[in-house]
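Labels run A, B, C and D following the written order; every chain starts at residue 1.
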């Protein structure tokens, strides 16, 4: 059994980790660290765990949380991970960081977008970007995982087959993304109130969202050239789920069968990617509570553009489920362990 | 492995059975019968099962569905089960009926509320009302289970401790129930359209709903006297979840601690009942996707009335999860097998 | 033109007042006072008013807001109105208070439920409980209106015809109420977050809610005897709308036609009450954005109980629309002026 | 008073016409034609009109509906308007068609996308595309109005300033649109059920939606050259509201201030267009129930692309409100008459 502590266990991604790990056959929760609720039973903060996870929350900075664990998950606001990760590594433990601090490999880019200093360069260098479908081999031996953002997960998985094969005009990429509200976390904000969100739809994060440089960094690595994208996030009046609609111009004429075949082949052995048959397009609800990224493809003969539709549950494949997938890879376990296979529907 | 066919697999309770049984370690799905979709892969009707349950649906009246199975689940509109159950029993197979046809032990009462003839009396007599917390012993040896309705499940579990102990004025019972829309099934009706339900709340089924006689029959059995209740169902603008608010007048003065203790004791060994601590009241979302019935208790010193708040997921403990719980009991398996333990939240 | 200032204009009831009064042919907004947004244009706080109400918000305690006005609406948190009302009256202006401070005629009861001192007795005595269907004559000459709470509005209007005619056992009243989330206001609370409320239903305010004494006070006045009720509020996963399901036991046998006739007669000349025909029951969405209270009636021959279903928009007839109705009465205007007649549906 | 009949009064756009026209000071409803509900009071089909519009529905093909009227609104499924419009014109009455039959000026294009024969060419020629901001002069004297589709309304109003001024690469247009469910009407379909739509988001209408040729026809007219666009519609889990996110590449370098100024100037005198200040982006809920089209602008210095965010209520500016705006123009009335100015919020 892998002994696990979660720092930041009472945010939405934290409690989602608890859900998945509590049902994981090879994991044991040994510590739940929080900033607000130390001393209270976890099921007092999230009563759906009543009778299931009644262990007492501890102060997030209590070193015993790390001592007890083999692996630490960080689900903290950005800016707090750098110091924590350093300490955890010194104590000889591995860490999966669900925050943003280790995702950007350039300290300058991090500073520009997050308005704060990021991790020290030597620490940063140890981090592996934890997108298994792209970086599986590196993840196996990593000590620090930078777990990808939710938007980047849809964008990268949606574009990788095309970019890897150099099939598209890299200047033509438009990523129009829509997310459920849980992505904003449990923090208090007028923008997250039910009465404001219910029955409403809007773009946000304009002129440019922090996930844009993360998307561009990883797409550039895949393509082998510098890529800039148009990216607009929107907020859906629903709790979970994310869909990115991605528009690209191919460099040479294609047709839909070719594109379908390319994606099928690229993701053939991936347990968490489902490429839909021609003419079928993914719904966010079909992956709810699961670690799938579902992909549908379209090609418009009139404009020549390819449209990729890429869908995840933002709290699972976009956060905690992917983190557990990374944990499984790091520990040589079957990659799908712990994650639900079937969405609760409708 | 128990071989299972589901007749009526493509309604909401049918597909929920598929979800639970597909993940059940001792069950194997051998047939999915439908009225509308024979010849299509199940994942074509419900694409969230894509890659998980791609087996082909068959015509619901194909006898091979029964032949192949050890146990048959019926998830059919009322009025269709009577003939099917007779045939299934003749073929030596057991059956769990999620419909209403075998729930009312009086053919006259059935006729009055359902406007059609019910099962033949000798067939009806074999049916056991499948509420494990009340009828577990009978379920163990039953060949036909009448799986309870969703409203009755909340009402009976909410009132059993008080009635069993003869603590309340049986003429004082008011049951005010609220249900998510999935309880109405996948059939087409203006009343189930998103634009009609979204942002709306209403009572329905007035002057009296078909679940009233089922509630009264079972409460009367528990109390040992004829009970009549006021029961008003309402429709919530949400998909899953049911809450019943139950008001009763005690026969003698009580206080909240006494009532709490009574419920705790009554349900002490029940794996799917959670009696909440004093001052905590259940939310429907805390049991979503699970087989729990969560109960909160209140007592108003000014009126003397007890209020019981009883919560389930209408498609799980109110239908398919309870059906699988019954299956486990009938087959001597651990009662919780197959059902999720933790709600996907938020 | 009546010159109007609103103190507390940027809460939900405040901005609802702005909406109604901006379209009122005899009203002119001369001041918008807020605690948080002084100096900002109102349409900066609520951009749906962009180009329509761009006037600058002022500090809520600026006396010029009152000086400029003929009538002041208070939409403030409880505990703040007492001092304000005294000052406004001294300046010779009338006031309609949408908060709770002047609703309870007993200072002791106020203290018990609100844990703070209420208005001075001589001030309190001047307040008229502003439910036009019950107190129209007194409202005409009032200088201070205590605008009713939303729950009490549904309860009192639902029960008045029965109580006035002494038809029911006053000890038998059960009021099961359900409200949209906007009733909780725009304040920040985990309980009001979209991700918590969406798809969820729960009771709250137990063991007893502050609206209970207000309901009981007014029902007692109507009945001419002391009345105690069972009252349970619930939170609906929707923004606007409130439905109360009220159960009562008649003193003598009745039938539905008698009850229907009683209500039709009682509310015959009321412009904002619609008693539905037999067999039809109100939906919250049918009154959305309007000042109607819609009422449906049921009688269960098996238990003898009458069920009253009473529906309003909590922000209109439950708050701001009723306040404007009161304003119209106080100023001798047509009572319906300013309020929308037709819900925007679906 | 303009005498008005509505053919197809009981669909969502039909009942929205009833709402607006019932409150219009210069309009009188003289006939409500329906395919399903002839003989029933309108308020029996839509009870929110109870006491407000109780007139009896008539058969949609009863010629007396037209005889009585000065102006006929058609809110019928496509394919049915052609014959009706011919008859109405012969009877000397004007007509506003909210359906698709008269929107496409090429019979061949109509046939290709609607798989049926459209109106006769001489009839078709008389129709004016009823987008007031573009075609106001022609609308004044029109006898047949083809009321625009909802998606085209957002796309054309969002792009007209740029195209009219030849500022963009016309091959670069990507229109990513999201609509509330009411756009699908009140017809019965599994895809419109609450349980399917709630908490879900998806693209639909792929590979290409019928509104694409309508968008392209009108954009081409404005630009003076043939335009082809990428257009993907999506379905939002909400009832009303539509947002289009439009991406274009300018032909020469621009900046945001220039673009802002261009839109401000272009729409300066338009009563129903609100161009938002720099840095503010529209929400669908801010225009709910109103006839506004709200526009927000963004420019990404990294890609050089302009992003236009264009928002309407699909049933108002996207259908019935725009139809009444056209009526006002045709009859020399003030253009804003009848339409609500302020959204009911939240």
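Criterion: a residue touches a chain if its C-beta (ideal position, glycine included) is under 8 Å from a C-beta of that chain, and two chains touch if they have at least 3 such contacts.
Just so it is clear, the structure is predicted and the values come from calculations on it, not from any experiment.
Of all chains in the assembly, those touching subunit A and also subunit B are C, D. On a Cα centroid basis, the chain most remote from subunit D in this structure is B. When the interfaces A-C and A-D are ranked by how many C-beta pairs touch across them, A-D comes first.
A straight line joining the Cα centres of subunit C and subunit D is 37 Å long. Rounded to whole angstrom, the centroid-to-centroid distance between subunit A and subunit C, based on C-alpha atoms, equals 45 Å.
Centre-to-centre separation between subunit A and subunit D, using Cα means, comes to 38 Å.
Residue numbers of subunit C whose C-beta contacts span two or more other chains: 12, 182, 195-196, 198-199, 237-240, 283, 285, 288, 346. Looking at the complex, you find that subunit A touches subunit B at residues 12, 15, 19, 22-23, 46-52, 182, 198-199, 239-240, 274, 276, 280, 283, 285-289, 294, 340-346. Note for the complex: subunit A touches subunit D at residues 171, 174, 176, 178, 180, 195-196, 198-204, 206-208, 228-230, 232, 234, 236-241, 243, 245, 247, 256, 281-285, 288, 296, 298-300, 302-303, 305, 307, 309, 346.
On the subunit A side of its complex with subunit C, the touching residues are 12, 181-182, 186, 188-190, 192-199, 237-239.
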